[in-house]
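Chains here go by letter, A, B, C, D and E, matching the order in which they are written, and residues are numbered from 1 within each.
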Amino acid sequence: MKFLRNIVEKAKVPFEKGGKLAKYHHLFETIDTLLFVPNDTAKLKGVQVRDAVDLKRFMMTVIISLLPALLFGMYNVGYQYYQAVGLEPTSAWDLWWVGIQRVVPVIIITYVFGLFITEFAFSVIRKHPINEGFLVSGILIPMVMPPTIPLWQVACASIFAVVIAKEAFGGTGMNVLNVALVARAFLYFAYPSDISGDQVWVYLGEQVAVDGFSGATPLALAASTLESGQNVVQTFAASTTDFSFANLFYGFVPGSIGETSVLMILIGAAILVFTGVGSWKVMISVFGGAYLMALLLSVAGANEYMLMPAHYHLVIGGLAFGAVFMATDPVTATQTETGKWIYGAMIGILTVIIRVLNPAYPEGIMLAILFMNVFAPLVDYYVVAANKKRRLKRATV
Amino acid sequence: MQRSNTYVLVFTAIMTVVIGGILSFTSQVLAPAQKKSVELDTKQSILGAVMTLEKGDDALAIYSTRIKSMVVDIDGNLIDKNRKGNPIVAEEVNILKNYKMDAGKREYPVYQYMNENDPTQIEAYILPLYGAGLWNAIYGYVALEKDLNTIKGVSFGHVQETPGLGARIDSKEIQVRYQGKTIFDESGNLVSVVMLKGEKKNPSLFGTHEVDGMSGSTLTAKGLNAMVKDYLTCYESFIKKNQHQ
Amino acid sequence: MPKTVKLRKGFDINLAGKAEKKISDSLHSRTYAVKPADFIGMQRPKALVSVGDSVKAGTPVLADKKNETVNYVSPVSGEVIDIKRGEKRKLLEIVIQADKEISYESFKNYSTSDLVKVSKDELKEQMLKAGVWPNILTRPFGVVANSNDTPKSIFISAFDSSPLAPDYNISFKGDDKAFQAGVSVLKKFTDGYIHINVNSADEVNPMFLNADGVQINKFTGKHPAGNVGVQIHHVDPIAKGDIVWTVSPFGVVQIGKLFLEGKFDASKIIALTGSEVSNPQYYKTFAGANVKTFTDGNLKNDHVRYVSGNILTGENVGEDGHLGFYANQFTVLPEGDHFQFMGWILPTINKLSFHRAFGLLSFLNGSKKEYVLDTNTQGEPRAFVQTGAFEKVVPMDILPTHLLKAILAEDFDEMEELGLYEVIEEDFALCEFIDVSKHDVQSILREGLDLLQYS
Amino acid sequence: MELFNLGIRSIFIDNMVFAYFLGMCSFLAVSKKVTTAIGLGAAVVFVLGITVPANWLVQEYILREGALAWIGPQFAEMNLEFLQFIMFIAIIAAMVQLVEMVIEKFSPALYGSLGIFLPLIAVNCAILGGSLFMVQRDYSLAEASVYGISSGIGWMLAIVALAAVREKLKYSNVPDGLKGLGITMIITGLMGIAFKSFIGIAI
Amino acid sequence: MSTETLEQPVVKAPSESIFSKRRRRFVMDPLDDDNPVTIQVLGICSALAVTVKMEPTLIMSIAVVFVIVFANLIISLIRNLVPGRIRIIVQLGVIATLVTVVSEVLKAYNYPMFKVLGAFVGLIITNCIVMGRLEAFAMGNKAWDSILDGMGSGFGYAWVILAVAFFRELFGSGTVFDFPVFEAIGLPNFPMNGLMVDSIGAFMILGIIIWVQRARNGYVEN
């Protein structure tokens, strides 16, 4: 390791203050700190030892919790591909391979345009270190895209999200809206035909789908009952794809790359909760809010979608993914513990309301989270105000 | 500048008179031009359903030679007096006001598009439409061929405050999709024409009662479908009556 | 009403190198020092002696030009051999070479029964003069108390929960009488209670339990349960305009001794701790002792850091430095100025973490494992990312992140309303320890306190 | 139900700020603190709730073509629509003045919190916009009242949320050129995205 | 605020040229350093709503310039007659009258645009730029200066909203003044950006314009 360290030390010189490449100091620092944890020591006064955690490890934990869903997503892209084109894969590896070919370029494009171009440019201009936040956003963005997403759109969305939703606010830790969701919302409103409808959820490559293959997501099917008046569960059963509750839970269904498998997402959730990186309060309250709202609607029961069993809401669409990986984003969620309950529950409730009552958007979780991101500071404001009031009251006794 | 109350009052009075004068003057002077503009606009959009007006075309002249208008009620009977007993003019029927009333009580204008050479021959019927889009009202005209089944053309418009993706309904590109579609099925039931979800681009995929959708504006399409269907239903008696003539 | 408080939030840092429960006899240091920096809130320190002067234990050597009523005195008798100054002639240390036999300035002494009758003003005068006054700190701000204030109550924390903290059963062996005398003196300064807060989960030095005229509250929980600020918050919280005094048990004893024996007795029992110490144990010495006294021949390794105090709030004094005025603990840690290849991702069970983020497996060890930790920051400073962890280590109804942000934004009203008056650095020390973004939380907090105090 | 639907629409969907950009000047200028935002928001709700129905009456009985028929048949042909703008703005200014005086007289406490905002409101585009949209959409009196109040609530919701976000932004490191107005525009745009979730909801 | 330099009553030399340096600044400053929209944060309301396409934006700009110049002129002429107590309502009256005239003319001679602009023509009344200039400038300055000042602010407003409209129309509809740009340069399938058509696009574009402009001239809001 000494040898490698020496190389780094030598390479470092031009990037130091006064060196030729001093402007790019933070670029070098990024690489340097990825290789080696620096030899910084505690200051003279204050805490003399530090916790072994740092932002990199923190973010890495999130990435690792995303891996099961991502790997499954790749597999599922291939699985859906073979289902749709009616070919027989020779082995499981074939399925993977299709998925990898499709998903890995999306991830690479996201990183190249979001991180390497946009974020590095800002770090040079604004002279701030490159935070690890984008490591996570760079994985999240591909996972909320449909598998057919054109690469140029991924690039546009990544740049837009990093510039407008993050750097405009001062970088990692300062943003108000979830970066990955802004990327998705950008595409959703800018180029709707490529990210919504029934045609985008299954990657076909150059092939043509077999007759009768619809490619509709469970959400779209559920929403279609508003017009058809058919029972949702029966509609699911009648579909060519297996939309049984169990399969919806396992996730072999069309959808965004990372969102289909509730099982894999729950594994990720377990990692997040166990490590304390993701807030279990938010997760529980999103699921709880959604479930209770769905129950309430099924009591009202004005149409077939409302009558869909409430637990189906938890396994269709991106609810689980949003609850576990998006709503828990510590920067954009409420920052008070009490606030988290309100924040999560509102996300769950709004998601179901948008799904059932708003025919314009089959999926509600994205907008529900963005909406609550906007209102999180207000929720916090009142929680903090209550804390201040408590202090005033208590002290005068 | 502290002035006496009298001064303030006199000043205000003069202001009011001057401003009032200027405004009534402007309004008087411009009234004929405005009336003409509104008329032109209405007539242009009516004609828009059956023909493409070129720049420089005298819409008013074409209109006066080619269009014969009348007003019918829900049962398809001709009416010539409005509720107040005054003579009724099809062009002056306020579609929005009528839209807010019960379908049974509305006045339904019909514009007959006459043959260029033989002004007694009806070439098409143009019917006004009105409904709710995503944000605001949408409106338009649908022109039916003589058979009162095949669509000759449509023109749509929307109240333009904040246009969304659905704003495309006023473009020719969307409107031509309706041409040649039929509104009745084989057994003579009114099925209207439905704009589908999503945009598929291949015209051969659509049935005779279907047109391609607009991506990203499912709701506008929905409003459009509802509007077309609603108004065709209202005119159904009239259509049925005239189909068999 | 005595209170029993159970705290759930907090975190114990369990380090290797606990002091063995035995006291080595007087280790006599060659030099002692008085350091203005120990006294937070001292604005314009001025040396009252010059090099070559000889002093007795109790001779004033230092004063604050802003408040000259308080004397800061020499802990030992001897000769002033050095007055160290830093940038802009800032006074750093007054170094005194100690005599073999300590001679004391003499002050008036009282019998226990007399103490009850003496007037507050008389007591106050002697305390200010004899150098024991700096033992009294005031909240808010945690600075040396203003002798004209009347606090609504006085708090004494009877246990230390910080890492490798000394055991008060050993630190205060046989000080019962002096402690009681100190309590009697302090009693005169407040109309309210003197609160003594003990750790109900541990054996308590009877000196505290037997104290007369006090209210005893019981606390349990992880660090920072022993912080007097946390205790005040749960027993008698501070609002704007309130004044509460805090005195360490050592301070109470020192005050007691002043009145019983008529001298400024700076002798104390220091816990020598840390993984790099060969024989961690207790030593009897005087305040301000040179650290070499304890480390010579007593270290496992020479690339180390010498911390006066505990590892959360202490100060690196260097190999030839002197202990602080308030320190009753001295910790020696390995330095951490080394690069760790891929250290941010490799799994480890040897690094302690409050978190369980990927690869941080220290939770598998259970709470008994003692860690050898070095001073490496374990990562580089980053933008503030709210993780919700701060809230888990501050056992008060205070929103640490919001408070810190209010300080960074210099929003005075907000700081006040969010409870800055209730905390000082030590209460947020754990936040600094667990911070993923590696901020200097404690100095940020002090900046906020300074802003509120001086503007 | 219709009215309820209109209310929801006006609050969330046809939001004055996000859909029509109305009242932006005060929206941008008075959104730095939540408390003041609430004050201004309440004042807007109040004034919109009064002026939209008031202007409805003016429109219906004075300005509209044939509106004056109630005076006598000889006026039936009158069309005073050209006076619309000036009448509306006069009514708004007068109402604001009146409201100010009434509040001052009967509720000094409310005046203390709302009073400073009332003069600002006469030139708030949202107020005039409310009346003009009311005419354009041909609302009934009941609809106009509901529309006035609920579009005011929508505006208030937007400004209060924005103020909370901006209070949070105090701690951010926004690039110099974006500080203040710039970042507020961007936040408003992003909030607009979030508010889109309600487009199309039909109850 | 930086407008203060303009607000001070200036003692003039008797034979000042009608385009003196001082007067040129009335027109030039609001175009950049003291832009009413990007720097002073005024007139945003109507600035954005009509900017989906260039054509209505241009009409709107012309209308605003007309209203602001004439309102400035009229108020400046009668400034010594206006009683202080009712000056706001007088100003509103003048503006409302001018706006009504604009609206009536538009209705008579360009009805399609009248429909497109809808209520937003009326909303020029509450455009803070107009009110702001009357109150800050026309009430204390002579006629010609007021006209120049009105033109400055009007054009300053106009270029910003035209710029916003340019980007929105170009990327949202693929056209500029309804001329299909992308088709003309051989990209008939250039995808249209739906956000640009939406109100959100206007906020974003304006935010970025402000960003770029302020970064360039170094203006920082505190």
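Everything that follows uses one rule, which is that contacts are C-beta pairs under 8 Å (C-beta built on N, C-alpha and C of every residue); 3 or more make two chains touch, one makes a residue touch a chain.
The model shown is predicted, which means the values in this text are computed figures rather than measured ones.
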Intersection of contact partners for chain A and chain E: B, D
Would you identify the chain whose C-alpha centroid lies closest to the centroid of all protein C-alpha atoms displayed? A
What's the farthest chain from chain D if centres are computed as the mean of the Cα atoms? C
By mean C-alpha position, what chain is farthest away from chain B? C
Centre-of-Cα separation between chain C and chain A, whole angstrom: 46
Suppose each chain is reduced to the average of its Cα coordinates; what separation in Å results between chain B and chain E? 34
Quick one: report the Å distance separating chain C from chain E, using the average Cα coordinate of each chain. 64
Which chain C residues reach two or more other chains? 383-384
In chain A, residues with contacts to at least two other chains: 128, 164, 168, 170-171, 174, 189, 192, 359-360, 380
Identify all positions of chain B at which a residue touches two or more other chains, and write them in rising order. 19, 23, 26-27, 134, 159, 161-162, 165, 216, 219
Which two-chain combinations qualify as touching? A-B, A-C, A-D, A-E, B-D, B-E, C-D, D-E
Residue ranges of chain B in contact with chain A within the complex: 134, 165, 197-199, 215-216, 218-219, 222
Can you name the residues of chain D that touch chain E in the complex? 18-25, 28-29, 82-86, 88-90, 93, 122-125, 127-129, 132-133, 136, 175-183, 185-186, 188-190, 192-193, 196
Once bound in the complex, which stretches of chain E touch chain A? 191, 193-196, 198, 200, 204, 207, 211
For the chain E and chain D complex, residues of the former touching the latter: 38, 41-49, 88-89, 92-93, 96-97, 99-100, 103-104, 118-119, 122-123, 125-128, 131, 198-204, 206-207, 210-216, 219-222
In the complex, chain A residues that touch chain E: 164, 168, 186, 189-192
